[in-house]
Every structure is written in structure tokens, then in C-alpha cells.
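Below is one structure. I have some questions about it.
In order of appearance the chains are A, B, C, D, E, F, G and H, and numbering begins at 1 in each one.
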Amino acid sequence: MQYDVVFSGFGGQGVLYAGQLLAYAAMDHGLHVTWMPSYGPEMRGGTANCTVIVSDEDIGSPLVTHPTNVIALNNPSVDKYEPLVAQGGLLIYNASLTSRTLTRPDIRGIPIHASEAAAELGNLRLLNMIMMGALLQLADAIVPIEVVEIALERHMATRHAELLALNRSALRRGMALANFAGAVA
Amino acid sequence: MALKGRIVIDTERCKGCELCASVCPHVAIHMSDTFNAKGYRPAQWADLNNECTGCASCAVLCPEAAIRVYREVPARAVTTTT
Amino acid sequence: MAIELLKGNEAIAEAAVRAGVDAYFGYPITPQTELLEYMAKRMPELGRVFLQAESELGAINMVYGAACAGKRAMTSSSSPGVSLMQEGLSYIAAAEVPVVLVDVMRGGPGLGNIAPSQSDYFQMVKSAGHGDFKPIVLAPASVQEAVDIMDLAFDLADKYRTIVTVLLDGTIGQMMEPAELPPMKPRRTAAPGWALTGAADRSKNMILPFRLQVDDLEAYNLQLQQKLALIAHSEVRYHEQMVDDAELIVVGFGTAGRIAQTAVRLARRQGIKAGLFRPITLWPFPERRLSQLADDARGFLVVEMNAGQMVEDVRLAVGGQAPVKFLGRMGGSLPMPDDILAAIVKLDQASTRAQPDAPCTIEGPSMPLKHFVSVN
Amino acid sequence: MTIESYSEAIVADRPKALSKTQSHYCPGCLHGLAHRLIAEVLDELAIRGTTLMVAPVGCAVFASNYFECDSVVAPHGRAPAVATGLKRVSPDKIVFAYQGDGDLASIGTAEIIHAAARGESITVIFINNAVYGMTGGQMAPTSLVGMKTTSSPFGRDVKTMGSPLKMSELIAGIDGATFVSRRSMHNPAEIRKAKKAIRRAFEVQINHQGFSLVELLSNCPTNWQMTPLESLRWIETRMVPVFPLGDLKNAAANNGLKGV
Amino acid sequence: MAIELLKGNEAIAEAAVRAGVDAYFGYPITPQTELLEYMAKRMPELGRVFLQAESELGAINMVYGAACAGKRAMTSSSSPGVSLMQEGLSYIAAAEVPVVLVDVMRGGPGLGNIAPSQSDYFQMVKSAGHGDFKPIVLAPASVQEAVDIMDLAFDLADKYRTIVTVLLDGTIGQMMEPAELPPMKPRRTAAPGWALTGAADRSKNMILPFRLQVDDLEAYNLQLQQKLALIAHSEVRYHEQMVDDAELIVVGFGTAGRIAQTAVRLARRQGIKAGLFRPITLWPFPERRLSQLADDARGFLVVEMNAGQMVEDVRLAVGGQAPVKFLGRMGGSLPMPDDILAAIVKLDQASTRAQPDAPCTIEGPSMPLKHFVSVN
Amino acid sequence: MTIESYSEAIVADRPKALSKTQSHYCPGCLHGLAHRLIAEVLDELAIRGTTLMVAPVGCAVFASNYFECDSVVAPHGRAPAVATGLKRVSPDKIVFAYQGDGDLASIGTAEIIHAAARGESITVIFINNAVYGMTGGQMAPTSLVGMKTTSSPFGRDVKTMGSPLKMSELIAGIDGATFVSRRSMHNPAEIRKAKKAIRRAFEVQINHQGFSLVELLSNCPTNWQMTPLESLRWIETRMVPVFPLGDLKNAAANNGLKGV
Amino acid sequence: MQYDVVFSGFGGQGVLYAGQLLAYAAMDHGLHVTWMPSYGPEMRGGTANCTVIVSDEDIGSPLVTHPTNVIALNNPSVDKYEPLVAQGGLLIYNASLTSRTLTRPDIRGIPIHASEAAAELGNLRLLNMIMMGALLQLADAIVPIEVVEIALERHMATRHAELLALNRSALRRGMALANFAGAVA
Amino acid sequence: MALKGRIVIDTERCKGCELCASVCPHVAIHMSDTFNAKGYRPAQWADLNNECTGCASCAVLCPEAAIRVYREVPARAVTTTT
């Protein structure tokens, strides 16, 4: 089985980092994985994004035309990806920074007030972890949250206990928010 | 008393670099709390003390050419021509 | 060594380091720059040479110089930069010094864009400069393969005193994938006999990329062609999957090849007997193997991220035995598995061995005209 | 009886030669400012309609979108050669090239030196931000000693990477160069001088006095990893001492032909 | 106009002048230099632009600039110099401005020598730079044809807004032959609408050799490919002699083609039904006509002054219908009529249509090893 | 009682670092002389066996045949880059590049300027004969004003072709250059000074003091269409006034590290 | 029928000029002709030579491996071309500057003391015209001497009566010498 | 009286450029009337007045390094060492 996830947002919102975390977790979990960023500082401005593909066999294309799962951290990302998500796909978006609701009926659109939640947790930079938590909740077959937590510790610069704890809370908070939002949606 | 001035900032063009604000001798420019469509917090003219002289320093420094500066001029000549 | 999640460009750089590269010279250009930046940090740490050249012309000629000293030297660049290296590459080929070039292709022509592309197949495989020569061209399709290929690249360069180009596109350069790095090789200490190391205790060495006399230059070229023939005989590499019973063979290199693999799997699930043939050496091209496959195959589909380049070599290899169709995307677009699958299905329906020329038009999705922006 | 009455005049505005298009430059990037100064000069000299621009490869590669004049994009570093070709067949047009420091001082060294040596009747605006902006902050020939960039992660080391290359001084030393000036854009006063220099450079061309070049010390907040404001301070305190400001050559003026 | 005895390089220059070239930019290199020197004298006399550039990089970019102004611009060079022009050529192709390049090939690779050669066929026909583009490539075989081709070159360049390369070797460049020059054409006065002439009374013109967005660049490339397809459809040119009843077709371009003509005549005198096929446009390659000829021919012999380049295009065109053999000389040697005749005789004996793959080894005379000088 | 007795000493001879091979240079061409001076210096400094030469494309393309040291031929103009590559991986070797004026001052402008800017530890011998010798006498950037060449048949016109480019002055202006000297070979006295400069240039490299370059005013009797003797007079009377002789930079000496 | 002639000598001996003269004459005579020099100042020193081919049909190769007619103006040219001349071919050489006699019995070797003859005519530069006269005498089917004389006047810078007269005498002198030498040989 | 000198010219290497002859202060070098194998008229040392001082100017100027110069030196030191 193959899962694909696009993380999209402003540069600085940590989308590349979130994607890498997922990639590490998948790798640790014994799966095939690719992480592919939009690249090149020759393109200034606009959104940054990355595509993570997780699979139990060799991965062909590291990019997808119609992603199954999209995490959109800002309004432009919602604008860009809403039309692209695969039918029946998942679009989790940061409702705190999105001015509109979705229009496509054939996808699962999940609003998460992630910026606010991050602010509540005391650090806006936790935004990406909150959204990651939401993803794990809603597309949970990708990898178990425990694997992601271990990956956080092993591969990312989050070995310090406080940081790790914060990130973990963010993941859990994301899961909880998603659980709620998913139920509503 | 110095001549009076005022500025108009094209807030959609503004990228919130704060350079205009930094250079205004009268602290007449502040950064907005809200975002423009591009996601920047644009500069706002807030000449609270009515001190803007139209010196144009802000406009001279604005990399986005987003500021128009008006300055009072004695009007007599103007009235005769138009 | 452990499996790590590695970014293509950086993994290539580290693999070169472990293969014992002595000197790196380069000039920034997207989507290759991480390679240079990695070297900027890593090489000085190891007491090896890193130098940002004034240009790609400078870089290729510095590499030429360092290689003349018998050191393992490399550079990396992307399409426009590689165009600037053509004269230097031709000199290096003529001088027969070993050099490794990593070419992370981007969209062309001109400044084009920085998106992944394979539109410089011809530039590397047919004409990497003026005159009759060919670099060995290795085309990895994954980060792991790129890592493995670096060691091979240096070894082949030394073995044949030739240019080895590692040809990839921005996808592989920018992608992260799990891969395992080889252990650090000890660096070569003794310089080869032909190298410029000073004529203190031996007669002088001269590295001369010319022969002004016609007879001499012809003799030289014949000898060069013999070397190329030897390489063509000994160094062909490719990857194939499910070709044994395949009726339709999909051919693609690098990124296009790995994407085609997904499409071939999808086709198999639909009951179409498709197989994947992915050349790893673009030169020498695996023509013999393809020609064998053509004995049985009903049709070939060549997938490239260009307007149709390697397809000519496939046609030459297939030699009219079966239809060879082409699917291409340009400008940074990737040919997606679904597109390839559709083409496979179409080919499956159209082609019979009896009628190798049955009409079957396969083209890259043509762009809606609204996207089109004319030059002015 | 005197009646005091005031009216309002516009004393600063977006120049006409500058397009309406929103720029892609990072916030606070002075490329936009340099564009505005050039556009103001084109307006003031009323030459927009006869001016042909050669844009570089670098962050200013989109400059064509920002100027209301005809333009072409040259290969990286070759703008002076492209400008030469344009000017030789269009002697009645005003041709200017816009180049970054990687473009002009590194890969394009030969082209700029020879355009100057021929006394080519073109104007070059040279944006020196001590770094390769577009490709993500690599070392440029004009990077300062000790400066950390993505390709000099331990700082520019004179021993292996040399000292900053002062292109304007080099070019001023070439007979064919008529007007060579280095200016900065770090505060309004300097910006006003920079504009004067740009104006003078175009006048040199209009008056058929030969080759003119204005180097503008600029910034790259993104790759310098500074706020725009910090970047201006950095130009002033770090770059200006290495790249002294002023007219390095003003030959036509010396010849008494035409002053600034 | 009267017939005169004209030197190839100078005749080409004068023909360009009469075709209305507005500006010439170049850099000295043997065996092309007389062309530049002729222009140095002639262009200023006529009040047109001549400029010796600082390098071939400078020259090609000056040509780019002049062409952007809507003027007829040209440059000329030889192999190493043309390698240096690859980036510029790719930009020009992307910018779609008309430019004429004369490439008087010499022996390679590297500095090689200055003797006549055809070893840059691939460089011009397959990859004149990075990215998917192709210049129109015209290959004259005599001074008269070179003269005639110059006018055509400028017209085609303008018509398709493309690069037209006139590809020849030192033989034709240096040779004197009787030829007739055309009358002087009036120079074009009105600039085309896309040219950079100042945006005083119209919206601005932008010549942009890039499209940063993937979709845009793909759309652009598709449009470019459409243009190339149109050229391929409309502009094929070749010369054939005695092919109507020919069983064996000798294929060669430029000097090799004209020498082959002598050999074909000799073969006919021996009763062998040989014919000559000489492509004049190397791109677009006359593949359709060759493929027609392959319907009846018993075999093809391709003669080139290189290690075998155009032979690939012949093989692609013939598509396995008949054997395609190759005779090549390198390093400045010419394939002499006798050598070619011997190969024709051999092919005549070996090849039957029934057995297209009957063994028949044809090679350039291999050099006695004493002539061989190793690199050091 | 004093007995007067004399013996014979060899006071001038063919240096050992020079090969026995007969040169291909035209009669009276000073390339051969420049070769001899270099070879003498290699002998005197006893560095022949550790010296690597980078030969140019130009009349000196065969220089490999004439020196008894290891060598490689660089593409036209790129000798400084090739030398850089060699030197960076062979810091214990002495690397020198030999370049003509077309090679160094025209096509190779960027490479020589950047080698100097990096303070590359190489020595460059620059043969300025004001013309492209090998390709048959075309104009070089160093051709004199009014000089007729095969590519400036009406004489070099400053307006369209610019003035002679003074590369040594340019290079002396670059921080990375340690020793830059221009000498001539038109008579024995000047030749002796030229040799001193060459020696100094190699010493700079031996002492790890940075980049060194010696420009030698030379001739091309064939393309100047003069007898060898006339060509020496022409150097003296026409070239020297345009290209003044002397040490243009002797930074290491100024630093008190080592005098000539 | 096709004739080929190689003119070879030191640079400055006028071999290229002589070849061009023959080419003009052939052209005026309505024949096909090619003139091909050894080229390139990149090759300093050594001999200069050119090949002229005259034919009544299109000319294929402008060069021949084994020339039928060779005019050798100096010793190195004799050394170079004696082994190359076609069987039965003609090698006319300047005996004044040649230190040896020919060794091949299967070619017609004709020594002409051309430098001396030129000196007698008062101008060493007439050497090439003397050899040309010899060629026309010995391989006379190429073009009649009258056509060459007209070509001299029409195409070469020899329109001045004295010069023309001198060149004509040289041609005639060459013919006479060849007639004599040919008879002896 | 000045020290005496003599020179030896490698006539096969000589290209007859005449530079040595032009520079000799004692006109001790003349050009030969005969040609060497390469076709050049080589320089000849013809020190008719016995004036050559071994100044080496000829050798310093010779582009072909074809001249070896000998000069007399007081012999005593020499005799003691060998």
C-alpha cells in the first residue's frame, strides 16, 4: 500500500521539517519512503511544500499529481491544493490562517485551528507538529504516533527533554483536535 | 512652522520591511498588526503628532516604491495657473 | 554503515568523499548547489581541496589541472553550466585524464527553469563537446543508486582515463531517501605514471590534447575509438524488471525510469505483460540487450523527461523489429504513472508483432493553450 | 493684504518607467530600490521609450517585468556582450545592463572588462550585495573577508579564497571607461547620491562619451540572515569601509565636456 | 554576376554581406579566420558592424544582442570555439531570435588540429547546447553551394526565428573554386514586431529565454517542438545523383559527399549500380527520402570524416530495411575516392536484400602503429 | 715573480631545462628567448624537476617540447585555471603558466583576474606581442592604436575597438597579486632585467608569497611583417611608451619579506 | 578527363600563386577546377603547397593521395612528394635547390635549374613561372599556354606591360628548359 | 687589455635571424652565405680583429639559445683546484 502526503505552507512554518519527520518515522518503521521538496531559492516568495511518499514496496514517482493527503498551513496552500487533492482525499488545513471554507464535496476537508492551538501551547513554531498530529489521527495507517515520537528523538534536533515534551504535546493536541474536527466534518 | 506633508502607502505592494518606519524622523510610520493579501504586515502612516514634513525619506528608502509623498506648497502660483 | 535518510545531492557529495575524491571545483547553480555547499564544508574538514571557481569554465579547467596531477578530481553543475564546460570536456577527453562530472539537469533550453528535466541526454551522450569522444554516462534512479555510482564513477574514470558523467535530474538531487553510504576508502597515495608530478627522476610527462599532424591525429583518434569500443564492450549496465515474459517493454532512465516502474506494476495488475528496462549506463548504451529483448517484445515505450532523445538510441537498438513509441514531458513536468499506464494500454491494444508500424500516437499531454506565454 | 494659502504637491511617487507589477524580491531587498532609481532617471531624462535593458541571471532575472522598456535576459555574466550587440546595431538607442556581483565580478569578468576596454557606449548598473542572492547565498568575489556564506561556511579565508575583488577600481583603470562610480543605498542621503550617479552614467551614454558604470552597494537580507534594517547597517559599517564610495573615474567631466 | 574563382571562407563572407547581414561578431580561429578577416575589411566599408569579440562567448552573446534588435546578425567559428558557444546558442534558441552561425569544423577532440573534419555533426545536429532545440543545419559541398546557402540561411533564420548553422569543414573553407555571387540584396529597414527597438509608441517587448513555472516551460517547449516539426516538414534539402536505379546508395555530406560522388562515378564505370545521396540539411535530416530509397536499395554506405555520427541518422531512416555500412576517416584525413570505391565494391559483393545483415566490415584504413603517439 | 695565466670559462650556454628539440618559432621570434630565460631561472633555482608547466594555445602551444619539465596544454585562455587545479593538489610543486596576449588579455581575462584575486600560488609568464601570432596576425587587446592587423585592416580605431588593455596594471591593482612586473626583450640590457623579474616571480612562489606575473614585451616579425631587427626597434620605440617597463607591484618586498 | 597538379615549395616561392594562376586559366578555359592550399599559420615552418584539380566534370575530392603532376620548388618538397607521385606521374623539380637525384624509376622526374634561370631573367621571384612553363610543356593537355598568359593578365596583379612581359618570358623559358630536360630524361 | 672571448654557434639550430650580429659591439658575427639543413643562412663567428670579449650580448639575445660563449678567466685559482 502507498500513502502520499503533501505538506504546504509559508517558508518558516516548518513544512519541510514536518515532512522529514514523517519520512524518518516511516524509514524506522521499515517502510520505503521518499521526501521531495519544492526547491530552489531561484523561486522567491510563494509557498514551500514537500511531498512524502510511504510505501511497502519501491517507490516510483516521488511526486504525485493528485495527492491523497494534504496538510495546508496557510491560505495560499489551501487555494493551491484544494483543486488537486485526489477524490476522497484528505485536506487538513490551518483554519487559523484560512479565510474561507472548502468547496469540494468529494474530499475530506478538516479545519484545524492550529495557530491558535500552537499559541496556547506557548510556541507558534509548534504549528507543524499540531498539524502532523492531526494527520496521524486522520490517516493513521501511515505510521503509529509512537514511531513518530521516537523519530523525533532520534533524528531531529529535539533530544532535549523539554523540547521533546513540547513536541509530543503538540502531536497529541493535533490528534485531539483532528479527532474532534474529523468527527464534526 | 515647517511645511506639512503626508504620505500614502500602497499597502498591497508593501512587504513590511520596516525600512520606511526606521528612517522617518518623526516616527510617523508604524507597522500594521494585520496582514495584507501577500501575507505581509504593511506599513501604516500614523502621524499622531502631525509632524510629517513630506521629507520623503521614507519614499526614498522604500524598495517597493510603495509610498507617495505629498507636501504643502504655497498655493498662489497654483491658483493662477489652474 | 547504517541506512540514513539522505538528500540526493548531499549523498552524492559524501559518496564522492568516501570514494576518495581529492579535489572539488565548482560553481553554484540550482538544482546542484547543495552538492557544492556540502563540499565547501566537508572537504576542508578533511584537509582536501574545495574551491569555488569563477565560472564553470574555470571549474572544468581546474578539474583538468588537478586530474593531470593524478588526483581524483570532480566538478558538478547543471545544464547551462555544463554547456559552458564543453570545450574543457573535449580537452579532457583528448588529454585522457580521469575526471568525474555530476550533471544535475534542469529545464531548458536557455535559462529554462530549475525543475527536473532530462533534456541534456543528447548533450552528454552524443556530444559533450566537439570531436569524436564519449564520456561514460551513468544515470542513477535513486539516492542509493547515486551513492553506489559515485564509487564506480571514480574507478571507471581511473581505469579508462576518461570522463565519467553522473547524469541525473533535480528530482534525485533534491529528494531524500533512505540510503546507506559506503565506508571511507583510503585515498590513493601513489600518482599514476602519466601524471604531472615533476620530472626530477624520470623523463618529462607531457599531456597534450592535440596532434597537429593529420596522421598523428588520425592514429590518436583510432586509439581513442578502440578505448571506447573496449568500454562499450565491458561496461554496459542496466536494470530490468519483469522483462522475462514481457510483451511490452517500457524504457526510461533515471527519474523517468523509476516512475515507469510504478506504471509497469500497475499494468501488470491489469494483466498486461509489461516489463521495465532502465539503462544505467547511457553511454555505453545497452543496445545489445535491448536488441535481444526486441526479438520477443511486441512493442517498446520510451519515457523521458524531454522531447525524445534516448528514444533514438532505443530505435537504433531495436532496429525496426518492433514499434518504439515515445512519451515525453518537458519543462520540469514529470511523466506520471497514470500517463505512462495509459500509454502502455494504448500500445498494448495497437501493436502486434506482425504490424510493427500500426498507427499508435502517444504524446505527452498537450498543454492547454491558456498556459502558453509567447516570447513577447 | 496677504492671503496665506497652500496647495499640495506630490514630491515622491512611483516612477512611470517602473511597471505596476509587484516585485518578487524579498522584503527589504534593495534590488527594488535600485530599480526605482533607474526608473526615475529614465523618466527624468525622458528616455524610457528609447531604452533597451539587458537583464542578468540573478535575483534580477525578472527585471523585464518591472521596467516599462524593451528588454532581454542575457546568460549569466554575459550582459555586457549582449548589450554590446544591441548597441552596435542600435546606436541611437540607450542600452543598459543590470548585473549582480556574481554575474559581473565572477563569471562575467571578461565581458565587463572588454566592454569597458572597447569604451562600449553602454551603461552598466552593478548591484553588489557581496553574495549570490538567487542561488542561496554563496560566496561572491565581493564577499568580505571572514564572511560566512553557504559556500564559505568557515568564513572567507584570504589564503584560499582571496580578498574581495574591487571591480569598479579595476574598471576605472581601463582607458575605455568614462564614468565609474560606486554608491550605496543604505540611507536616503546615499540613495540620493546614487541616483545622481545613475543619472550621470546615462548622460554619458546620451552624450556619446563612452562606457559608464555605477556600482551600488546593496543587501541580501535573506541570505545575510538579517532584518532589512540590520542589513543597511551592515552595508554602512562593513561594506563601505571595504568598498569606498565616490566617483572612481569621471573622465568626460575631467575633459570639461559635461559635469554632473 | 560573373563566375569568379573564390575562396570558400571569403565567398561565404561576401555572400552573407549580399544577403544583407547587418552585423558580424567573431573571434579568430583556424580554419575559419579568413571569414572574420574578410568581414573586418568589408563591413566597415559598407558602414555595417564588424567587431572582434573578446572570445567566442562574447561573440555569440553579441550576436544574440544584435539579433534581439531585429538585425541580421552572424558569427563564425570552428570546433573549440563552437563548444564555447553552446550556452549562448541554447539561450538564442530559447529566445527565438534569428541568428546565423558558420562552423568550419576542424580535427578534434580538444585542440586537435586545424585539418578538415566532420566530427562535430553530433554537436550541431543533436546537441548544440543544453535543452531540447535544434538549429537548422546546412552543409554545403562546394563554394558555389556555400554561397547559395548563405542567403537561404538568413531567410530561414528570419522565417522561423531560429539558429541556422552552416556546417562545413576546412576543405571548403580554404578551397578556391569558380562560383557566382548573387547580387547585393537591399538591407531590411523595418525591424520585426518582436524586436527591441524601444517601447516609445507600443507596449514593451521582452525577450525571455526562460519560463520559471513548470507549466509555462512545458507549454513553451511544446510550441518550440511544433515549430521544429514544421521546419522538419518544410525545409528538408538534399542532393542526389544516379539514385533512380541505384542498388547501393552512398551517403555523405559536405566534403565527404562530394568525394563520394567521384567514387560513385568510378563504381558506375565498373558496372556497379551505385548512387549518391548527399543531405544538404543535416537537420532536418532527409529521413523520409532515405527511407524511400531503402525500399529498393540493397545497401547503404555512409562516408564521413569522423568516427561515425550521421550514420546513426541514416540507420534510423533506413530502419533495418537494408544494411548500412560506414567508412570514416579522422583527424583531418579525407576519405579518398579509391577507398570509397573499394568499400562500394565490398558492399556490392556482400549485401543482398535477403540478408541485410550479411557480414561486411568496412572501416577507415587503420593506421600503422608507428604513427601512433601516446598521450605522454 | 707573477706568472699571468688564463683559462676559459663558459659564460653563456643553452640552459639544461631547455630541451634539445629545435623550436618551430619563426626566425627572430622572441618566444624562444622567453623560453630560454625561464629555463635559465629553473636551472639557477634548481626547480626544473619539481616544476609543472601549463602551456597555452597560441604560438607557444608546443612549449611542452621545449622544456624539460612536466607540462600540460590548457584550452585557449584557461591556463590560469588549469594551473590553479594543478597547484591546489600539488602545493609542493612549482606551477607556472605561459600565456600570449590573445590568450591572457582576451579570451582568458576572467581566469587570469581570478587567479590573481585568489592570490593563487602560481607564476604566469605573459608574452605580449600585440598580436595573435598563431592565427595569423589578428588584433589583440594589446595591439597599439592605429596598428594594422589582419582583423583591423584600417588600423586599430579607438572609437570602435578601444585602446590597448594594460593587463599588468589591472592585475597589479588586485590585492591577491604579490609581484607584477613588465619587462621587455628588445636588447640585452632589458633581457637581463627581464630575467631578474622572472627569477623574482618564481621566488615569490617558492616562498609561498602568492601570485606572481611577468609580462614580457615581445615581437612577431612574421605578422608584423618586419625583420627581426626591425621588430626589436618597434618594441622599443612603439610598445614601450604604451606599456611602461618596471615592477608594477612588489608587495612581498614591500612587506619586507624578501627583496629582488 | 581529370588532371591534378601539386605545387610545393617554401613559403615565399610563390607556389600558391602559381596554383591560382593555373586555376584561373582552367576556369577561363571552361573547365571545372579546384585550388586547395595547405593552410593555417598554426603550422609554422615547413613547406607550403597547393593542389589544383582540373576536370571536364564536377570535381569530387579537391585533394589527391597520389598526385599525377608535382612541381617541387625545393629539396624538402622533393623529399615529401617523390614517394607520393602516382605511377607514371610527373615530378618536375627545381634542380638548383635540390641536392640529390630521384630514385623512383616508375615516374617521370624532370630536373629544371629554375632558380638559376630566374636569376638569369633578373628576378628570383620568376621561379614559379618558370616551373609553370615547364609544367605546361610537359603536361600540355592541362591548358594551352595562351590561356595561362591571358589569365595572368586578367586575374593576377600583372597587368603592367613590363611585369607581364617578364612573366611571359619566364613561362616560355620554363617550356624551353622542360623541352630540353624532357628530351634528355 | 680586456679579457678575450669566443663563441660557438650551433649552426643547425640557428635560424639566421641576424639578431646576434646586430648586437655584437665588435661586429664579430656575420651571416653565412650558405644554407643549413633547415634552409636558413646561419650566423658565423668571424672575429677578424680579435676583439670578442665574451660579453655574451649575442647569446643573451639569441632566441634559439644557439650560442655558447667562452671567456678567459685568470687561471691561477683554477690550477690550484684541479
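Here is the rule we go by: a contact is a pair of C-beta atoms (placed from the backbone, for glycine too) under 8 Å apart; a residue touches a chain by one contact, two chains touch by 3 or more.
Please read these numbers as outputs of a predicted model, since none were measured by experiment.
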Contact steps required, at the very least, to link chain D with chain F come to 1
Comparing F-H with C-D, the one with more C-beta contacts is F-H
Averaging C-alpha coordinates per chain, one finds the centres of chain C and chain H separated by a number of Å equal to 62
So, in whole Å, the Cα centroid of chain C is separated from that of chain G by 55
So, in whole Å, the Cα centroid of chain D is separated from that of chain E by 41
Where chain D touches two or more other chains simultaneously, the residues are 25-26, 61, 73, 75, 106-107, 109-110, 113-114, 135-136, 141, 160-161
Expected list for chain A, residues touching two or more other chains, is 41-43, 45
Residues of chain C that touch at least two other chains are 30, 51, 54-55, 57, 80, 87, 91, 95, 110-111, 113-114, 205-210, 212
The answer for chain E against chain D in the complex is residues 22-23, 25, 49, 51, 53-55, 57-59, 61-69, 71, 73, 87-88, 91, 95, 196-201, 204-210
So, in the complex, the side of chain E touching chain G is made of residues 3, 5, 30-31, 114, 170-171, 174-178, 255, 258-263, 265, 334, 336-338
In their shared complex, chain F is touched by residues of chain E numbered 27-30, 33, 36-37, 40-41, 44, 51-52, 54-56, 80, 110-111
Per the touch rule above, chain H residues touching chain F in the complex are 3-6, 10, 12-13, 15-19, 22-23, 38, 40, 54, 56-57, 59-76, 78-79
Chain E partner, complex, touching residues on chain D are 48-52, 54, 61, 64-65, 67-75, 78, 81-90, 93, 110-111, 113-114
